[in-house]
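Quick notes on the structure that follows.
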Amino acid sequence: MQVEKQFKPKIVAFCCNWCSYAGADLAGSSRLSYPADVKIIRVPCSCRVNPLFILRAFERGADGVILCGCHPGDCHYSTGNYYTRRRMTMLFSMLDYLGVEKGRTRVEWVSAAEGVKFSTVMNNFVAKIYELGENVKLGDLRCKK
Amino acid sequence: MQRIGVFVCWCGSNIAATVDVERVAQVMKNEPGVVFSTDYQYMCSEAGQAIIRNAIAEHKLTGIVVCSCSPRMHEATFRKTAQRAGLNPYMVEIANIREQCSWIHKDKEEGTEKAIVLARAALAKVMLNAPLIAGQSSVTKRALVIGGGIAGIQSALDIADAGYEVDIVEKEPTIGGKMSKLDKTFPTLDCSACILTPKMVDAAQNEKITLYTYSEVEEVKGFVGNFNVKIRRKARYVKEDVCTGCGACMQKCPSKKGLNEFNLGLNKRTAIYIPFAQAIPNVAVIDATQCIKIKNNKCGLCDTVCAAKAIDYNQQDEFIEREYGAIVMATGFNPIKLDKFNEYSYAECPDVITSLELERIMNAAGPTGGKLVKMSNGEHPHDITFIQCVGSRDISGRGKCYCSKICCMYTAKHAMLIRDKYPDVNVHVFYIDVRTPGKNFDEFYRRAVEEYSVDYIKGQVGKVYPEGDHLVVQGVDMLANEQIIHKTDMVVLATAIEPDPTARKIASMLTASIDTNDFITEAHPKLRPVESPTAGIFLSGVCQGPKDIPETVAQAGAAAVKVLGLLSKDKLVTNPCVSQSNELLCNGCSMCQNVCPYGAIGYEDKLINDHGIRETRRVAVVNEALCQGCGACTVTCPSGAMDLKGFTNKQIMAEVDAICK
Amino acid sequence: MQEIEKTLRSRCAELINNGTCDKVIAWDRGEFFYDNSPATFACADCAQKLVYDCFCGANLSKYLIQYAKEGKTAVLLKPCDTYSFNQLLTEHRISRENIYVIGVGCDGMVDIDKIRAMGIKGITAVKEDGEDLVVSTLYGEKTVKKADCLLEKCVSCKSKKHYVFDELIPEADGEDVKENGRFDMVEKLEAMTAEERFEFWQEQLSKCIRCNACRNACPACTCRKCVFDNPHSGVASKANADSFEEKMFHIVRAFHVAGRCTDCGECSRVCPQNIPLHLLNRKFIKEINEFYGEYQAGETADQRGPLVNYTTEDAEPTAVSDRGDN
Amino acid sequence: MHNNSDKQKDQVFRMTGVDTRKCMKCGKCSASCPSFNEMQYRPHQFVDMVTKGRIEELMASPSIYHCLSCFACVERCPRGVEPAVVVEAIRNLAERKQGGTYFSPDEVPELIDGTVPQQALVSAFRKYRK
């Protein structure tokens, strides 16, 4: 008999060094928990995140990718997150167009002071990924039917 | 081949309680590339650092992974440790297993699993790290202060006192700013000119200070330590170094209908004029829009009477370019325009004035010779009404959302001075709140009420309108719950202040960020209040937010200290995590240039040898001193020619792969 | 069209003779009558061999990067090709002063597969005759409507106007085609459920044989070295062990040309597997128009593309996720 | 009672979109009000009482009919609180209640004395009747 393996999602969170990564640290020092499925990658700015990285994560088996940066207008580099906003809007729209579930990708603006928001966002996102289950589509788009 | 050492910190029980640190160290030992792995109670302690240093030496490590607290906490510490052991400091990666692991997870199994994944990701990254060497850039030992009010003068004096050259650029013909227009200052009631003019003279006589009055910043290039600034010296039509300031020209000038800016247009001045008696420099200037000679080529009287032969009707704007190491913004403020507040009849009634206008009226050098009179008929007023918060704390779109901060105190000052000099004049103040935080401030306000019997009415004014030769103020007394219809002779509006309109223009030249109210943003509201987030730009005075004189002087001094800290360095160490363009891959498309917020990317035609093909190509070149390492360009570049050192495409993808394994 | 062809031949010969250019990039007869191919003609006599008929679908702009580096080059551009030309100017890939642009009139190019799909076999020649095409076959002549046989990119032609040229042949220029319906299929896909869309794309993209024809023909795909050809990029994977390139190629390519793609339709025209790749690009174009205002890449040569620009009031990415599921 | 006052407060908010908590109690509305002396509750008190949920009291007060809707307070309020809009909302609440009509058709004939403009009567009739 096959044993039903419990679904443990793999979730990659890209966090900008100046706001969201600090927000994540604040969540930590405030002991605000969120699931261990979330693994954070530190980048200097959300605009450093190439859509390629997100596709790469999905192709390697990630079930969700979330990108966090400073609030628009508060970017440490003045304008970085404005480009992020356009790029990600386009990427998410394309993924949706290809039939990939919308909930698997997300952009959130989390400031260095928003530890509570960071933890809430991660809890919500992980819950959404549990709801969506394993990501098969994006790894699969080119497989022969 | 990389030889990596992994160091897992317990952080006492902070990490060890929810992460099995020994297991993490054990698992990491078996990872490819790892030649040494250990754990220790406090890696950041001297003993912990010694473990790292010894391991680097003993195992000939080429890179290290420290599994510990956030890199925001101790990355710098461990980089120094590595450096002391002879390893390039950028061969260090931190796995954040405290803030982002042990502190948020309760289950030890789960925490340990996650810590291992984070350690693997750090390992994957460090395997691709390359030694980076921080660049150095020189520092031009000269500062620029933009704005010659009390803020700018104080910053310049402090910088000059420390022995550095400093230039002041002031757009008006004289330095002195708003403070030179004030009559008395609170809470001590000393004469503004008496305390300001000596400072103005000091600034003029200090050999380290160069004044560029009647000048504006035209263009700013460069970066911290190396700003290149183009200054426009507007034509005065008077040779600054020849004019003796004798004033003979002003006596003879037949064009007398110009509004006297110094007196806020309350009286007239000649076309050639010296703004006020204590102006620095004490040099005349011709208003070209008013001068008959310049407009119609007639007259020329001033030239005839000028013994020094200082008049030059053909003078043109001049441009000078200078290098600076640091720039202080001290662009100051203005009262807002009242054209959206028709209810106060400011435009129609000459007896409705702003507080700054009252300063000029009260001043012995002002339009009325210091006599308090109604501007409409020159009569002595018997009743004066002050209205507070005109345009401040206003979110309706007509005014400013913030509190202008100085109005409560100067209104108390005005009320008191009037009652002191003219005890027959009744003074009323309509207020919403009286805000007097500051040393001796509340005592000052209470004196106005208790000693001088100034009538403070809690409530606002709905409208002001003329009736005969009086004014009628319709207001409310909120405490009595009564509407007040009050006959008065003069109304004084405590008008909100706003940053000078040049601030936005200059801030964008400097790439200094600015808030929605056009105040320059500080690098940190609490911990770095006199610096802009853009390196090398410092803030002095009201350009950063409303302030009174003592606060302005304090901030000016603080900004000067920050400037000195910068100028006293011979070299600045630059962040080595900057973008780098691979010439062989660059298409020359300029997209990266579009997104760079620092103007750090230029294009050059270069002779490229691409595997034997030699040709001239247009390629991107990154100015490493300007680049701040955000990475916007790297994503824009479709060919991947642009990459960010320390956060390369390959490194980030290696982390992704490690996490998703 | 035969008239135009004659004029083009003599005009190109003249331009070479009078020194305006030293070569012309135009179309040459291919192996078959329907596969006219890009070619350079470097002498007045050779120019007599250039071809211009209803099988000149190829967009010649991209060839200028390689062949207009030196000397002065003349090029024949159809209206839709001029957008690509401008885009290449914007990106500094070609230099305007080295190139002489002859804008050629066009009333749609023909897709041989569409004629074949009508069940017509043994085709030996196709001649235009007004609105019709006269198809010669081994079994006699047949007449079909040209409108039924147009290339996909010509069915939804967006303009008959040249956006850049030094001279026009014929002299009268056309106009923009306002109602071109080029987003119809995108809208149809958007109206499907995510599941249906996924199936659609899985079926289409599964056909890909990674021949790179789309990339090679695309006038926006002009990188000196594609990331997928660069072993140091971290994404190239010629080895079978890594499937990233295999799986993500088309998404990455669409993203790389987003905001730069002029919708010239070359990708789909050259695809040997008939994958409707242009639908990926058009999705981006449609979204850019909706989110950031109407934008046509290559309309002029100095535009700042929508993805290297921003406004502080831009829509949040949630604008996509909030659209609701279907 | 408390619940009911919260409900009414909520209703006023939904009708007006005005957040009365923005009020900084400067009194400019009352200072501008031409009907100030006619009113039992003055414009600034209106705003304050709405914030405190004292809406029944306001509904019972004749003040709601003394507001001329001249909008001077709306025009001049520095906080965008729009007192006249709040008054209007409470008047509407009062009129919508059973028997809340302030102005009945029977009263109209005796008001027609030739000095009252007809226009004013018509609009008052519209305004003070549900």
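Per-chain numbering from 1; labels A, B, C and D assigned in written order.
As a working rule, contacts are C-beta pairs under 8 Å (C-beta built on N, C-alpha and C of every residue); 3 or more make two chains touch, one makes a residue touch a chain.
Owing to the predicted nature of the structure, the values given are computational and were not obtained by experimental measurement.
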Identity of the chain that, by mean CA position, is farthest from chain A: D
Any idea how many Å lie between the Cα centroids of chain C and chain D? 66
Determine the centre-to-centre distance between chain A and chain C, using the mean Cα coordinates as centres, and give it in whole Å. 36
How many Å are there between the centre of chain A and the centre of chain D, using C-alpha atoms for each centre? 51
Within chain C, the set of residues that touch 2 or more other chains is 227, 235, 307-309
What are the residues of chain A that contact at least two other chains? 51-52, 56, 79, 83, 87
Determine the shape of the graph in which chains are vertices and touching pairs are edges (line, ring, star, complete, other). other
All pairs of touching chains, each written as two labels joined by a dash: A-B, A-C, B-C, B-D
Complex contact set, residues of chain A against chain B: 10, 12, 17, 21-22, 24-25, 27-29, 31-34, 36, 39-45, 47-53, 56-57, 60-62, 76-80, 83, 87, 119
Please name which positions on chain B make contact with chain C in the complex. 584-591, 594-595, 603, 610, 615, 618, 636, 638-640, 649-650, 653-654
Of chain B, residues touching chain A in the complex: 70-73, 96, 98-101, 103-107, 110-111, 113-114, 117-118, 121, 511, 513, 533, 577, 595, 597, 628-632, 634-636, 644, 647, 649, 652-653, 655-657, 659-661
The residues of chain A that touch chain C in their complex are 51-52, 55-56, 59, 72-73, 79, 82-83, 85-94, 96-103, 106-107, 137-145
Under the touch definition given earlier, write down the residues of chain D that touch chain B in their complex. 22, 24-33, 36-37, 42, 44-45, 72, 76-80
